[in-house]
Structure formats: C-alpha cells, structure tokens
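Next come two complexes built around chain A: one with chain B, the other with chain C.
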Partner chain A sequence: MSTRDGWIRAPTLPARWRSALLLVPLLVLDVGVFLVPMGYLLRLSFTAQTPDGAFVEGSWATDGYQYVFETGLVHDVFGFTLGFGVLVTALSVAIGTAYAYAAWQATGWTKTVLLSGAVLSLFTTMVVKLFAVVLVFSPRGVVNDLLTGLGVVAEPLLLIDNLTGAVLAQLYIVVPYAILSVYAVLSTLDRGLVEAALDLGATRQRAAREVVLPHARPGIAVAGVVSFTWSVGAYAGPLLLGSGSEQTTGVLISRLLLTRFDWPAAAALSVVTIVVVFAVLLAALWRLGGDGGLLDA
Partner chain B sequence: MLELDGITTRYGELTAVDNVSLRVETGELFCLLGPSGCGKSTILRTVAGFETPAAGRVSIGGTDVTDRPPHERDCSIVFQDWALFPDKSVLANVAFGLKMQGVGKTERRERARERLELVEIAEYADAAPAALSGGQKQRVALARSLTVDPDLLLLDEPLSNLDRRLRETMQLELTDIHDRLETTMVYVTHDQNEAFTLADRMGVMNDGRLVQVGEPATVYDDPRNRFVESFLGSTNFLSCRVAGAGDRPMLETPLGVRFRAPIDGADLAVDESVVVSLRPERLTVEHPTTGSRSEPTAVEDGGADTVTVTGTVTETIHRGSDVRIRLSVGDADLFVEEPVATGLTVAAGDRLALRWSPGEAVYFDTAGERCR
Partner chain C sequence: MRERALRWLFRGAVGLSFAFLALPLVLVVATAFDASGSVVFPPEQLSLAWFLQFPGEPLWVRSVANSLVVATGTMGVSTAVGTAAALAVRRLGGRRRTAVVGLAVLPLLVPGVVIGITMLTFFSRFGLQQSYLALVIAHSLWATPLTFSVMQATFSRFDWRLHEAARDLGAGPTRAFATVVVPNVRAGLVVAALVAFVVSLQEFVIALFLTGPDTRTVPVQAWNSLRQGLDPLVSVVSTILIVAVTLLIVVAGVLVGLDRLAADT
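Up next, the complex of A and B:
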C-alpha cells in the first residue's frame, strides 16, 4: 500500500488487532448492559438485610440466600415456576412444530395467511396481547360464547384467572417464536428428500417422522430454549391471567422488591433462578448434542 | 411392464406432457431422450406418482396406478441430485425402503449391504452421505432404489452431474447391473450418446410430445422428422429448391449442383423448398483428381449413383480422434469429420472433393416432416 492522491494513510495495525477492534462495540455492549448489571446483582445478593431500607450498603452477608434456601414459600414458588416452564415449553414446542409444518406444507394463500399470522402477532405489545387473551377466553369471551352457542358445553368454561389462563397467556407470548424458529429450519429442507422417502414406500406421516423432523431438530431445540427461558421468567402472564396462586419467581421477586423492600433476598432469588435456567438449558443442549450424530438404520 | 395411455400433465397453464402413450416391456432398458424442458422428467414424475396427470392412465405391471400415491407404486426413482438423506448413514439410506416395508433390522442391514456390494461401495456403509463424492453418491442412490426390488426402476438424468469419464464408467456398470438384475428401467437423459450406449429402445421427445420410439439405430437411420434428425447428432442441413416435381424430384442445391432425390415428390410443387440432411459420416472427402477439378458434377440419377462437389476448406478443427473440416461449397457451408487415422492432410484454402449418395441422405419438407 502506498500513499496516493494526498490521502493520509491511517496508522496500520497488525491484521489480528484490526479484526479484534471490530469486536469492541460488541464487547462494550456486552459489558455495559449485561456483565456490569449482573455483577451488581450478584453483589447485591450478598448484602445484609435491614428493616428500614432496601439493603445495607457495603455490607457482606448471606441473608438473601438463607431466605431463598430456607423459606418453604420460595421452594413452592420455584417448583411451580419450573413445572410451569416445562408445561408451557412442551405445549409451545408441540404447537409451534405442528404449525410450522403446516405452514411449510401449505402453498399460495394458505401459506401467506399462516405465516403472517405468526409474524403479525409479534407486532403487538405484550400487554395488548394479554388483554386480547382475556377477551377471547373470559367466561363471556369469544371462545365460551362459541362453545355454549354450539351446545358443546352448558356452562362457560373457566379459562382465565387460574392455571389454564396463566398457561394460555404465556403460550400467546412464546408460540410465535417457536413457530418461526422451526419454520426457519424447515424452509431449508430439500423437498426432494421427502419425495425420495415417499418413493421408497413411506407414507406422508412416516416421511415427516423420518425426514422432516430430524431435519427440523435444531429449530425445535431453539424453540424449546426460547419457550423455556421465557416461561421460567414469566411475570405478566401469570399476574394478569392467573388467580394469584400461580406465583412464578418473577412475581415473587417483584413482591420482595416492591412490598417488602428486601433487596438482598430479591437479588439472591434472581441469581438462583438464572443459575437454574442456565443449568437446565446446558443439560438439555448437551443431551441434544449427544445424539446429534447419524441416526441408526 | 409400464403402460402410459394418453398421458397429459399440466403445471397450471403450461402443458408439460401432451398426450403421450408408451409401452415399456419387461426387462427392457428404455431411454427417454429430449432437450431440457421437453417433458421427459415430468413423465417420470407422473409414473412415480409425484404428478397427477390431467388425462390418461398409468399402469405398472398390469395394475392401473393412476390414482395411487407414490408409496403404493411398485417403482423407485433415482433422482438427478440423488436426494440422499443427509442425517442417515449410507447403510441407513440404502436400508430405508426395507425399513418402510417393516423388514427387521438385521435382515434389512444385510440386504442393504448386499446392494452396496453390487454397486461396489460397501466400504462406505457407515459414512455420512456428505462425505462421498458425486460418483459415490450416485452409487448409493442406485443401491437405495434397487434394495426395494422395484418392478420398475426410474432414472432421472442420474449421471448428468458427473464428469465424462465417470459417466462413461457408470453407464457401463448400469448396463451390467441391468443385465444381472433384469429390472425394467426407464432412463431419462438429454444426452444422445448416453441413450445410444444404454438403450434397448428409446423414445425421442420434443415439446411435451413423444416424437418417435424405436431401437436407437433405427431411430438414427430413419428419423421421423427434422427435429429427431437434428437432435441425434450433428448434421448438415441444406435448403434446396424443387426444380422438377414428380417422382424422384430434381433438387437444386445451393452447392451449385442438381440431383434427383430418391423420394416421392407427389406432394411437392416446383419452387417449394426441401431440406436435405447430409450426415458428416455419409460424406466422403478426397483431394480432387485433376480431371474433376473443374465444375461440380450433377447426377441425374438418384439411385446408387453419387453426387460429387468440390469445395474450399475454410477451417480444420482437431477434436482428438477426428478432424472436423469445414468447407465452403457454392453458396453453402458443409462440414465433414475425418478420422485422424485416415491420414488425410488438409489446411485452410485447400480444394477438396466431397461425395455422397442421394440414397443415404434424408429429406424433409418445409414443415419439418420427412419426405419419403
């Protein structure tokens, strides 16, 4: 390289420094919005409780963790949160996979409608979406009017202000992401492979199981991760559509923060929740990666 | 074995296959030959059950399968891009058809391995398809289709993604496998050499229609129309004027000679045009003898006699075993192919004498139909 046409050459850096430099914005973002707050949260979880404020500045204590590990209520909430997460994840992955498969199989208008149905619901905010769930599933809502009108049920079903409501609300939030992550992978599947399976004697269902599902596995894994992470962190769904006894760790943390002013306990509960979610995801990914090799004959 | 009766297949407005009827006998290796987009692959997909014909019936082994889904048809297709299952091992790919039939694990693995040995690729049984070369993938795809012992094997341009040498090896192996297993095969290709190498019989397609069916040599020597003649190898087309009508009409060529064509000229009027096809291998070239140097000679008799013209070499192209010589003769350009072994040495600018027998040329009217 030479200096030409009066351009002043920037001081040249060795190539590997130049590429490292490209990572700087990303690192700044990561450190600023993720590592620093996480470190602060961790520090907060090790401060002492005090009856007249949020926490004792500069103190070191394990009060928060003692509360988390020794309180029966916290154990119950934790158990419920994990169970809720698993239930929502299972439903979300099943619905998302079936929907994505239908959208992939569909052609023309049907395909457009199915896909835009999944995408459009992402354009509305969570609160609007959740009030829509209320309107649809309340005792005098669309679903119940339809069911009683058709005579399927005599009395309106109680679909909100209970566990069903909390699950429905959470599904409204996570299912579109599940659909899109499975669909994105399915759209890369060569249809010739399905034809080859049919040609060799597979029925449509069998071809879906032997060829389509194995191909969609990474997408299904992503759908599972997204659904689980979001459901374990659920807050608005259970709060708005649960009965009040559907307490997730998110709900409990907000109560600790806002009504009991026990910041060390809230911080400790947050840290434990994060660790548990990470552990579950790592275990699941390890399991998925373990048999990700060639399928048996 | 395979019987197509008036098959018409459409994609929306486009008619890909237009009223095709065809019989393929048991044990036959039948080639469907035609240019890209002529509908030959669509016929194969219709036979396999991936396309539903708008009209007509398909029957395999005497059973009408027109309304049956692909998995209920006793045929298997080898795809152009092989369509191997990427998540399954080579052995699992080959055993797939048997797995669908409910054959037990030990037996299906054993039978799959046998087929892999038949196509000489058994050592790759545990490999992933992605680790194989094009030729190896082709063998696996063939083994996978053969493992279900289909009554009818369909091959959709299976060798077109391979290089020439590999293609020729695979062609020979395929005929070998065909002889050994006696499976009825329908082979789709756009390569006439491939069709000549493989086919017991072939069908030439153009524009969705089946133009001509027959043994390769017969189709080559006795083409039904101008399309078949031009598709099955290179030739010289000469547009000639009818100078005298009637039986054995007199044709005036742009080469500067007239000759009587051995065809029935009853439908031809004076001044109409007739296209003469002169295959390069039917033309003899030699350095002109001093006596015939002067003017091109016309032959009045079209029978066993020959037409001789003299032309100037414009270009010579060495093509390995033969030399293609382009000549300017009168108002037309002709080419001939001479084996290098004949030792004829020519250079641009040389004068050469060309000779052919009118009985060995073929003639087409303005619509491209054969004049006989």
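Up next, the complex of A and C:
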C-alpha cells in the first residue's frame, strides 16, 4: 500500500491531517459515550450507599466494594458465572469450529444452507431465540414430544428452568458468533494446501488437524473471546431459562440497580466484572502467545 | 473404515447443530399461524387471526415504530463513523492502526448488561435515559465496529490507483471520492448500512435498560410479554422480525455474496 501511494506522490501533510480528521467521529463516539461513561461508572462505584435510593452525590467511600468482597451471595454468584462462562465457551468453540469447518469444506447448496443458518441465527434478536428455546425444550416441547414418542425416555426431560436451560439459551446466543469468526479466518485458507497434504498421504483428519486447525487458530481465539465475554455477561438467557440458582453477575447487577437502588454496589460489581473479564482475556491471549492477529479479525 | 465412520459422525454432529440452530426459528414462525393462540407446535388449525389482530395493538405498533426509528438512526451514525474510520485507518500503519481498531472493538468486549447500566446511570444525569438519542448512540457503539470492519474489507478490495488517476487528472479530493470511489464501493456501503440496521433492530439488553414506555423497541416489548407467559403475538412479531432479517440478508447476500457477508462481519 505504501509503495502505491508513496511511489506516485510522497505523502503530504494535508493528507495526513485528512486522515486524522476522518478519525474524529470514531474518537468522539468511543471516548465521549463509552470511555467517559465508563469513567463515570468507576466514580460511582466509589460513592457512599444511602437508604434513600441511588447514591450520595460527591461522596467518597468503598461501600460498594465492601459489599462485593464481603457478601457470600456475591461470591457464589461470581463462582457460578465464571464456571458457566467456561462451560459455555468450551461448548461454543467446539461446535463453532466443527460447523465452520464443515461450511468451509461444503460446496454449492450445502454451503449456502449452512452459512445462511448461521447468519440468520446471528441476526435474530436473542429474545426470539430464547422464545424458540422455550418452545423446543420445554417439558411439552418438540424435543420431549419426539423423545417420548420414540420411546427413548419415559418421562419428559427437564431441559429448561435449570442449568441445562441456561446453557442451551446462552449457546443459542454465542454459537453463531463462534461459527462466523472461525469461518472468516478459514475462508482465507488456500484449499491447495489441504489437497497437497492429502496428496502427500495424510488422512482427512490429519490434514484437518495439521493444516486447517493451525490456520484457524486466530479465528478460534476470537470465538473463545466472544463466547467467554458474552457468557460471563449473560443476562437474558439465565434469567428466562435458568432457575433462581442460575444467577449470573449480570442478573445481580441489574437487581442491585433497579430493585435495591444500591448504585454503588451495582457499579462496583460491574467494575469487578469488567476487570475479571479483561484479566481472563489477557491471560488467555498471553497463553496463546500474544496473538496480534486477534484485533485484525 | 474407521475414517468413514468418523466422517459420518462429524456430518451427523454438524447436521444436528444446524437443526438446533435453524429449526427453532421455523417453529416460531409456524406457531404464529395457529388459530388457538396456545402457542403449540405443530399448529392445530392454520389461521391468520393473530396477524390480523396485531395492527390493533397500540403497544406493539408503537414498539415497531420505535425500532424503526432507532435502527435508522443507528444505521446513519455508524455507517458514517465506520466509513470515515476505515478510510483513515487505510493510511495508518502498525501500532496506531491496532490502537484505533482496539478502541473501536472495545465496547464489544464489555458485557451488554454493564454497558446498559453504565449508559442508564450516565444518561440519567442529563435526563436522556429514555430518549431515542441515548439508544441510537448506545447501539452505534456496537454497530460501528462491524460497519468499520465491512468498510475496511471493502476499501482493501478497491483499486486505489483509480483514485490516484482521478486526482492526477485534476479532480479535487471530494470529487474524486464521490465520483470514483463511492460507485465502486456501493455494495460494501449498502451491506455496512444493512448490518448496522439489523444490529440495532435485534439488540435487546442495552435497550432493556435504556428505554421507557414510550421508546420501547420490539425485542423489549416481546421480552416483557414473554415474562408474563407465552403470547401468540410474540410469535407474530418474531415472524415479522425473522422475515425482515431474512430479506435483508438476501439483499446483502445478492449484493456481495453470502460468503463475503459471513467472512467480513
């Protein structure tokens, strides 16, 4: 790129100013209405609690953090949320990678059908997906009708209003993202490489393992990051399809804010959640060898 | 022999994943056509009764209008911001590029609930917490990384020598951009705009916190009625949403190919 621009005409100052100017809207949006509100949230987390609702304007206190670190309920919720996040991420990455690989290998109609399934699901609002999950997996739903009808099980399985339900619901939300982030990377892989491996005597599984998987790694990393972030922040899925014991930090945060009017605690719990999410992501990135390609995807 | 068995096992697993991914949506559509209104599958008697009742429900009609307003606003803001940023980043290299991309992607890494309550507390300082403006801005935060990525991919496929040629022949920067670049990247622009529109249309968690009775979008309205039990009108509105999104995907798919749509966003 630089040879193209640079060869014909050396980059001039006005052009550089122009590109700086083009960045202004993005900076205004991301700094003005994202970083600044996040800063405000951080400030809010250090205000004093008050029984009259919301928080004490202009005060400095650590009430919120004390609540987060000293309440047994919060520890339980955090533990559950992290475990839930890891479980959903593992399943989502496995399903996403297999599906993306199948879509990449497929040709013609099969490819179109597989890709449209993923894209349609990605762009369907999660409320509709959760509604669909209720219809499919409830005790009188399609899956149970099918299983009892075929005589596989005698009694309908309890698949919603418990952990299974919460996990299923969350999978419906994150799996499409996982599929498409792996697919995006796979679509840049030269098929010739796989054919070469096959010609040289590798079995299909070996070619998939030693040629396709290493290439797909950045996509798999993105799938993991997205699945994990969204599952740790899960809200609607566990709320609608879990039971009371599938409480995530997201559910607790909203309850603190909206029904207990304890803004400092809600803000502190949000800050801690963000810190934990980023810490886990950084650790994972570091383990994966500082994958610089992650941000480009 | 073992290899073949494994391959069939793999195909079975993928087929099952596809069925679980796509069929529930078909099911939702089917329940909308049931006469009884008890939301069961398969429908006992086909009827359009619930579709006919839908326009008479002021809450639902209002939510459709709200969704369209917010999605249109988000489409405008994030297509403009994403396109500008993609143009700017083209000239940046290395670290600065990573920094800009990182900043754009950052909001996607923060859980929706946290963004929702942050926006709620922040905007309520200015009395904007239930306004269209707040929701458009919040949705743009999530849609912009996608429009940015689509436009980046689009611009990287454009032959910038054409632009240079126009400039060398005496066109000003604005004219060269409008008459040479835009017609060539039109498909990409339309896809970016559609993606932004759909992202806003389907976003739920942020909207749940940032909307009030007058600004409730369709997903929030559907959620409220789902919390009270299964409602056939939810099937109807879901069907409308699924059909609308399918049409938009078909349009985008025809414009740039499904393969690119799946890879770029």
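Observations, loosely collected:
Convention: the second predicted complex is superposed on the first by the 271 of 297 C-alpha atoms of A that agree within 3 Å, B and C clash if a C-alpha of one lies under 4 Å from a C-alpha of the other, contacts with A are read in each partner's own complex, and residues count from 1 in each chain.
The criterion applied here is as follows: a residue touches a chain if its C-beta (ideal position, glycine included) is under 8 Å from a C-beta of that chain, and two chains touch if they have at least 3 such contacts.
This is a predicted model, so every value here is computed, not measured.
Contact with chain C, but none with chain B, is seen for A:Val225 once the two complexes are overlaid on the shared chain. In the superposition on chain A, A:Arg43 makes contact with neither chain B nor chain C. Once chain A of one complex is fitted onto chain A of the other, the partner contacts of A:Ser19 are limited to chain C, with no touch recorded for chain B. More residues of chain A are in touch with C than with the other of chain B and chain C.
Judged by the touch definition given at the top, the superposed model places A:Thr203 against both chain B and chain C.
Looking at the shared chain after the overlay, A:Gly117 reaches chain C, while chain B stays out of its contact range.
In the superposition on chain A, no contact is made by A:Arg287 with either chain B or chain C.
Once chain A of one complex is fitted onto chain A of the other, the partner contacts of A:His75 are absent, as it touches neither chain B nor chain C. Where the contact sets of chain A with chain B and with chain C meet, they give residues 203, 295-296. Of all residues in chain B, those touching chain A in their complex are 48-50, 69-71, 76-77, 79, 81, 83-89, 91-92, 95-97, 99-101, 105, 108-109, 112, 128, 144-145, 148.
Residue ranges of chain A in contact with chain B, taken from their complex: 190, 192-193, 195-203, 206, 210-211, 214-215, 294-297.
Within the complex formed with chain A, the chain C residues making contact are 3, 6-7, 10-11, 13-14, 17-18, 21-25, 27-28, 31, 39-41, 77, 80-82, 84-85, 87-93, 98, 100-114, 116-122, 125, 137-138, 140-141, 144, 148, 160-161, 164, 168, 173, 198, 201-205, 208-209, 218-219, 222-223, 226-227, 230, 234-235, 238, 241-242, 245-246, 248-249, 253, 258-259, 261-265. Interface residues of chain A facing chain C in the complex, by the touch rule stated above, are 1-2, 4-5, 8-9, 11, 15-16, 18-27, 29-31, 33-34, 36-38, 40-41, 44, 95, 98-99, 102-103, 111-121, 123-136, 140-142, 172, 175-176, 180, 183-184, 187-188, 203-205, 225-226, 229-230, 232-236, 240, 250, 253-254, 257, 263, 266-267, 270, 273-274, 277-278, 281, 292, 295-296.
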